[in-house]
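Both complexes below contain subunit A, partnered by subunit B and then by subunit C.
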Partner chain A sequence: MKKISAARIELTWKNVIMLLCVALIIATPFIVRDSYVSHIFITALLYGTLAASFDFGVGYLGIVNFGYAAFMGLGAYTSAIAAISFGINPWLGLLLGGAVAGLLGLATGVLTLRLYGIFVACFTWFLGMALMFLIAVTPEITRGYLGLSVPHFPNVWILDFTDPLRLSYFAIIAILSLPILFLMLYLGNRTRMGLAFRALRGSEPAAMACGINPLKYRVMNFVITCFIAGTLGSFYAHYIRILTPSLLQTSKTIEILAIAYLGGRRSLWGSIPAAFLIISVLEFLRPLEAYRFIIYGIILILIMIFYPGGLARLITRKELF
Partner chain B sequence: MELRLSSVVKRFGGLVAVNNVSFEVRSNEVLGLIGPNGSGKTTLINCISGFYHPDSGKILYGGKDITGLKPYEICRLGIVRTFQIVEVFPKLSVLENVMVGVAFSNPTINLNEAKQESRKILEYVNFPREEDVLAKYLNLGQMKVLSFARALVGHPKLLLLDETVAGLTPGEQTRIVSLIEKVSKELGITILLVEHAIRFVMEVCNRIVVLQEGRKIAEGLPEEISKDEKVMEAYLGKEQLY
Partner chain C sequence: MEITTVIELVLMGLGRGAIYALMALGLALIFGILNIPSFAQGEFYMVGTYFSWVGLMMLGLGPFVALLIAALATFLVGICCEKVIFTPLRKFGREEWLVNVFVLTLGLSLVLQNVALVTAGPLYYGAPYFWEPGTVELFGFRISYDRLMIIVLANTIILIFWAFLKRTKLGRAIRAVAQNATAASLTGVNLSRIYTITFGIGCMLSGIAGALMVAILPAYPTMGIIPLYKGWFVVIVAGLGTMGACIPIALLLGVMEAVGLIVASEGWQSVLYLIIICVLLILKPFGIFGKGEVRGVWEK
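Right, the complex of A and B next:
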């Protein structure tokens, strides 16, 4: 008998699949033999986690951060410039990038999260564009469109970051992304703060009547997502090792949004398989050149029509994670 | 503590919704406020609970003037109201719905304690379904019990119930009746009940106040009200009230 119930940890299809995914991620270094494939894996895991974090805002509080790529880019440039100009260790750069992005998130959040819906989307969109142009017009610091060359992570222990297979990078992104994912799930479902998020999503007047301050919790959520974006951006900087302002452009945010929506809003974890799917499909269709984006668009539209709940709802019928 | 309304008036432009209404709700009693549609019952509740500011007159609670206080200030005084349109959190479970009330009325409580407290409240109202059912899967009667449970969070002293049994089957009404009686007797909560269903009101209330077109036209015990001619006239077409 199918019991309609809320979140519990139990033996379900979803948990089995998640376990398989984790196992797959751990097994990857032994499977991958080609730097092209490892690039796909790394990018997919990175963007999947970014999308999950984006979804933490959209799915839990309905905040669509249309400048999300810019926060990621801000973290990237922060860590890069810190390493180049100040000799700051890239490992520290991860935290630094997150902190800077988080602080910007705090400042803008406090000012603008009194707004709702499309106004937040518009404002964050403009903010993202402003950041992108800011980076482009300060080539003295950022080298603008000429491109900023970024050092790789310093080798540590058994991890060799000069390895062309880039397996060490994969290890790092896995070590970053899985805890980030579980952290968000924990915060969203097992803490008082997460309860506030879900109450606000359900019915804001009722939540206010219970004593929840909407602005406070919207800002908290926003800062968390921005911090994560910054940290992941820092990783990206030391991985891809060349940065240009186009990293911050709106189309990158839309890619993240597409992954998040395909994965299933509010599911968080769905973004990871969605990222792998989208990136693999795009690469697979590469022979079609520009036409592949049309195919990609059609597939996306079809999925949104027939499976609006995304991948996560395909696998599990539970409404909540 | 008693609630006393003195000459309360509330206008909306040219329309006088509440016209010089005075009565009191005695400590620990269950008072019914009835009247045809548009008689000003919900407006009066809104005035008492701070959602509207009366144009003139006073509302005293335990001797203290609460006229014109904001809703959350009134809430802190122990006065809680329910709404005609039930506001539950649809995607949260029953338990979480109550937990929201518990966790955020008391900033120092941690989630586990909030859970225990919520379970106690759900047990007290004899909630008819499992605690982990999502609120959107409840039927109307269960939702009303849930919002009643949420109203009990924070141990209120005065409950303003707005059309609690609207849309409920007789069986569900009976459950609400026994809940109200239980809460009144065991917890000593004073209750002001706005209602349409006259049979329900007759059953549950100690005294009744009748409004028509913003004015009070009768006040007294249920038996008196059921024989009152003015009241029967107000409810046109009803030859008997039972």
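Right, the complex of A and C next:
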């Protein structure tokens, strides 16, 4: 087995440019100080990170969690209801949302991940639909389609969450998403777990012959992605502050999936520029109303036909693994 | 509860079930022959409903003509989509075909939905009735012509489709391609033509389902997701690669749903679905009639 080296960052031009880009993304909302700009940046980071963790499942092990938005919504509702009914601090809710989504992910994973491909996609989709309907028909707890209004995060130190500029929210999502991205890249590239993922991707029978239990690693991967979805979902709940069951619907999963694929399969980081590109372009084209989604769909189709590598392949030709 | 209510519900369920069967057959056909897990099928259902409305309400034609218009329109839209989108993809590269194709159908569904939104606006287009109003006495209980004709027409179309697949030359060619595409092309079957026609037929089946339901569910751009969900549910429960099994499962599901309305609302029934799925996953993970050979979309 290949010796796994410790994480280190080499100081090449490419890395310097990448770091500058990260710095630029983080600095822009604080420089521009406009609530609209911060909203776009928050949404882009949120969806970019979600898409990256979706990619963590699809790219490494080919697990398509087609109910991904439902896991995110479950985290959102968990944290919101915990805060409203039991007075649990939303900061704790971030963990709680992640934990509940992760637990459901564990149960789902153990049941479904013996299967492959379309079966996993369909079963997770059915689960997501069931969750959405369940939330819609229990208005006494979730208020259904009336919408559940959620408290914001309590103010800490210099972070003021009542500020209309929403800079504190941006700070939180940046603090959340950078470690999440780094963790996934680290897990995927520098640990034995990641090695097992890549071995399974390469050839499952060969990996099994080396003593890798596919179900175990598939479930691990699934639980990690669900946990991330839950955590980000509970952030979303306290940011948007109104939840309806439509958060769990399939079109949300499709949005995340589209960002992940436009960003480039198996790249993880590609999702972030893709999210910024897509969300800002869609905002820019807002006057076109429904036409912009036609354009979006056509672009998606064209890219999948002519350039299936996505955005990441434009920047680097190197496969991540 | 009176027995007539139950029978009425069962009849209603048969109608629903036949619609699900049409959806499921379209999905299974397209997946079986073109290897495309189509998530744009709900949009073809929507297109069918719109054209059925055009035939019935805008042009004031009879239900048969409206159905024909809807079927032809979805067939043509399907053929165009296949020629414009999937044929080039087949040429450009087959690596990771299934992943690409899955995302493509999502893009296609986005385009179709929003084209409908642009042309028709966010309005509901419903017809008061599909068949002429009135009820018929059948074995001592009443059923409206409307519902009866949905059941009759949907089942007739399924039979016609089955006969087409089993008895005609084209149907035999399609089945041959399903079994082994290379061998079929060696015996002189024009593969790309079969692919296009099959996709068109699959779309037409969904379109017919939508057209029949125009009096019950009005046309709306995002209406396709629920029939798509039910269609895939039937396909997965029945087992991929077993098209015949889709029909009884769909009818059973429809009846179960309709009778289930007595005890639980539509939303709570989704929990029932979940239970079915869990039981299925433990006992028969590849579907009731599935053989476990189809590993599906993201296999290597």
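Annotations for the structure displayed:
Definition applied: the second predicted complex is superposed on the first by the 303 of 321 C-alpha atoms of A that agree within 3 Å, B and C clash if a C-alpha of one lies under 4 Å from a C-alpha of the other, contacts with A are read in each partner's own complex, and residues count from 1 in each chain.
Basically, a contact is a pair of C-beta atoms (placed from the backbone, for glycine too) under 8 Å apart; a residue touches a chain by one contact, two chains touch by 3 or more.
Please read these numbers as outputs of a predicted model, since none were measured by experiment.
Shared-chain residue A:Cys122: touches subunit C; no touch with subunit B. When the two structures are aligned on the shared chain, A:Gly297 is found in touch with subunit C, with no touch to subunit B. Of the two partner chains, subunit B is the only one that A:Arg192 touches; subunit C does not reach it. Within the superposed three-chain model, A:Ala130 lies in touch with subunit C and out of touch with subunit B [touch as defined at top]. When the two complexes are overlaid on their common chain A, residue A:Ser246 makes contact with neither subunit B nor subunit C. Set side by side, subunit B and subunit C differ in how many residues of subunit A they touch, and the one touching more is C. With both structures placed on the common chain, the touch criterion links A:Arg114 to subunit C but leaves subunit B unconnected. By the touch criterion defined above, A:Cys210 lies against subunit B but remains apart from subunit C after alignment on the C-alpha atoms of chain A. Where the contact sets of subunit A with subunit B and with subunit C meet, they give residues 203. Remark: subunit A residues 58, 62-64, 111-112, 114-123, 125-127, 129-130, 132-134, 136-137, 203-204, 249-251, 254, 257-258, 261, 265, 290-291, 293-294, 296-298, 300-301, 304-306, 308 touch subunit C in the complex.
Against subunit B, in their complex, subunit A makes its touches with residues 4-6, 8, 190-192, 195-196, 198-199, 201-203, 205-207, 209-212, 319-320. Interface of subunit B with subunit A (complex): residues 71-72, 75, 87-93, 96, 99-101, 103-105, 110-111, 114, 130, 132-134, 137, 150. Listed in rising order, the residues of subunit C touching subunit A in the complex are 31, 37, 85, 88-89, 92-93, 96, 98-100, 102-104, 106-111, 113-115, 117-118, 222, 225, 229, 232-233, 236, 240, 265-271, 273-274, 277-278, 281-282, 285-286, 294-300.
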